[in-house]
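A quick write-up on the structure given underneath.
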Amino acid sequence: MYSLNVREHFMIAHSFKGEIFGPAQGLHGATYLVDMEMRRPKLDDDGLVVDIGLASQSLAAVLADLNFKNLDEVPEFEGKNTTTEFLAAIIFERIATLIKTGDLGPAAKGLTALKVTLHESHIAWAAFEGELTNDAS
Amino acid sequence: MYSLNVREHFMIAHSFKGEIFGPAQGLHGATYLVDMEMRRPKLDDDGLVVDIGLASQSLAAVLADLNFKNLDEVPEFEGKNTTTEFLAAIIFERIATLIKTGDLGPAAKGLTALKVTLHESHIAWAAFEGELTNDAS
Amino acid sequence: MYSLNVREHFMIAHSFKGEIFGPAQGLHGATYLVDMEMRRPKLDDDGLVVDIGLASQSLAAVLADLNFKNLDEVPEFEGKNTTTEFLAAIIFERIATLIKTGDLGPAAKGLTALKVTLHESHIAWAAFEGELTNDAS
Amino acid sequence: MYSLNVREHFMIAHSFKGEIFGPAQGLHGATYLVDMEMRRPKLDDDGLVVDIGLASQSLAAVLADLNFKNLDEVPEFEGKNTTTEFLAAIIFERIATLIKTGDLGPAAKGLTALKVTLHESHIAWAAFEGELTNDAS
Amino acid sequence: MYSLNVREHFMIAHSFKGEIFGPAQGLHGATYLVDMEMRRPKLDDDGLVVDIGLASQSLAAVLADLNFKNLDEVPEFEGKNTTTEFLAAIIFERIATLIKTGDLGPAAKGLTALKVTLHESHIAWAAFEGELTNDAS
Amino acid sequence: MYSLNVREHFMIAHSFKGEIFGPAQGLHGATYLVDMEMRRPKLDDDGLVVDIGLASQSLAAVLADLNFKNLDEVPEFEGKNTTTEFLAAIIFERIATLIKTGDLGPAAKGLTALKVTLHESHIAWAAFEGELTNDAS
């Protein structure tokens, strides 16, 4: 099994709802380092997991939508706690969609799994990973 | 699959028995950076893998038991080589027990797997990982 | 010249005023890794730059005042852009005060210089450094 | 499941064929940090995944064959793009062979899986991983 | 004294002349992580050491000139060993020129010192640093 | 001013004397990552701060003397607390001596300053730095 990982980052504000969050119930923020890992059992004809340039662009495009935002004001996240693990899954879904629509190039259809890791500090990070179903329907 | 990781460290002295260890047969020591990764297929009601505060406290509590110790004098480890991989499994077992006894909170019962990685230097690390069986007995 | 460094982090929300900041004019946030470096020409009687426990506690105390806050609502920062470099100087001043008031222990009076570095991401960081004038007045 | 990882690096020149590579079609180079992860379900009699000294030597020996080379002139790679993911698989195969021939010691026969990760920069890395079939034939 | 640092990278091929270089006399290559640190005693009116966007663009522009090149074929470096420390000084000079010509914005004229660090691996790096003389002539 | 840095590590056991050390008064240990930074205003004739191979060998030789030792039993350190900052100064002195005796090669006589940093964990490190007086006597 092959894998390829690219790293980017984004910076947001948010707050959490629930006593379990203690002082993080206040409006604060985070820098998230994002690792996007793509997996496939065989390389494409160019000897690649995926075009690394397109992969970086696609990740940057997905993050640009969140970067420099107050997530408390993003309608899609209303009523949700935008925890690190929750955001990892959101970004996973958005990239999975871009792969299906061909934004990472035709060869990216060969990807079989994806993992998105968000580092919120040097001592804490969270991830969401899953299979990719690229067979159109 | 979701995962959450927290990092801590501890510092111990120990020695190894067996020619294969060469100069590490002498009494020496190590700083271990510890990464505790917890996995589960669905987030809890707060949008969390686990309460990160309780997770960090639990890891710190487990490590406090080893920190600033000479492992050669810990009765439990008598006759064992406390290698990095051995210690990773020890810490795995102790955290798994804390999860079962509820120290990481009731939601932590939803955890299905755990991985403990110990970094002994910038160029060497070892891990132990396994499924969690949270169904009481 | 000796130096000792301890690392902590904090997470805040803020926004910037001025066209030069582009999208960072919106309310967003950051995780800041903070490196506090203390310098002195001779070690104290215990062979230390400073009691590392007290140093970590003092840094944590200074950061607790900012952690999980929206800096746009902190009266002291009104009319200021709380850039990474600005915050480095703020934290420098607060630690310098703690050193003078003895919070880092009596031996900390031997410190002659201090540097505070704030990492806002894996690719950008800023610092403020200066001499310490510990001779009371 | 236990795992042990050792890190080394090597430095090479190469060029790529195919429009998809853009400016990387020119002769350039890379420093690759290499992480070799070995896995097994049970430790050997010394409490080890593998003799870490032999593991590091074996990895260094495999890399010495590539280090300070222009990969465009290595006959084995003729007609291939020596991408990061391609090289990860090459190094995987060479280490797997050394394990079979006993270069990592007799206990290394207990290894069941191997992963080789090559970091080409602080923001991009690739890996190849697979099962090991140590039962001779 | 304030400082601001931004990080980028580039990838090149080169060879060295002189027995002291051993196997590095062959054509090989490197990934260089580049840290550009800019220093000044007072912040500008926006609370900045320098516009971080312009700084990153300027560094990227300087590195684009070297990226994906075989340095043995760059006329300017003929007869020189393009060692890590030599390249650090080259990049320092080019950025210093951009600061003088105003590419980092008018406020960058307040910069008084610059340091360029090139990391060639996780275990070796080199730097060149010096004062900036911004008074035009 | 040019600088070159190489990194190595060593692992030791020790204990501290004095109430200020709390639980670190017990026999424990540490992994120390060691950064050796050498400085000079001009490169040598090969375009180098120093032969990086000799520098790494010299650092490794100095560390081999401490590696896998219980520092409490090293006669030279009797009555001393072998703190991170103390050890940084010890290693500084030993390397400075090697430079004077020519172990880093004749060109190393051009070095004017040296800094030795010891990282005891991912959140704490200490250093000793000073001028080098290479004019024999």
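Order of writing sets the chain letters: A, B, C, D, E and F. Residues in each chain are counted from 1.
Definition applied: a contact is a pair of C-beta atoms (placed from the backbone, for glycine too) under 8 Å apart; a residue touches a chain by one contact, two chains touch by 3 or more.
Since the structure is predicted, the reported quantities are computational estimates derived from the model, not experimental observations.
Seen from the C-alpha centroid of chain A, the farthest chain centroid is that of F. Farthest from chain D in terms of Cα centroid separation is C. For the self-contact between chain C and chain E, the two sides draw on mostly distinct residue numbers; the shared fraction is below half. Copies chain B and chain D of the same sequence differ in orientation by 120 degrees, per CA superposition (steps of 5). Centre-to-centre separation between chain D and chain F, using Cα means, comes to 32 Å. For the pair chain A and chain F, the distance between mean C-alpha positions equals 42 Å. Along chain D, residues 7, 122-123 each make contact with two or more other chains. Contact residues of chain B toward chain A in the complex are 1-8, 43, 46-49, 51-53. Those residues of chain A that touch chain C in the complex are listed here as 7, 9, 11-14, 23-24, 26-33, 67-70, 120-123. Touching chain A in their complex are the following residues of chain D: 18, 20-22, 80-86, 88-89, 122-130.
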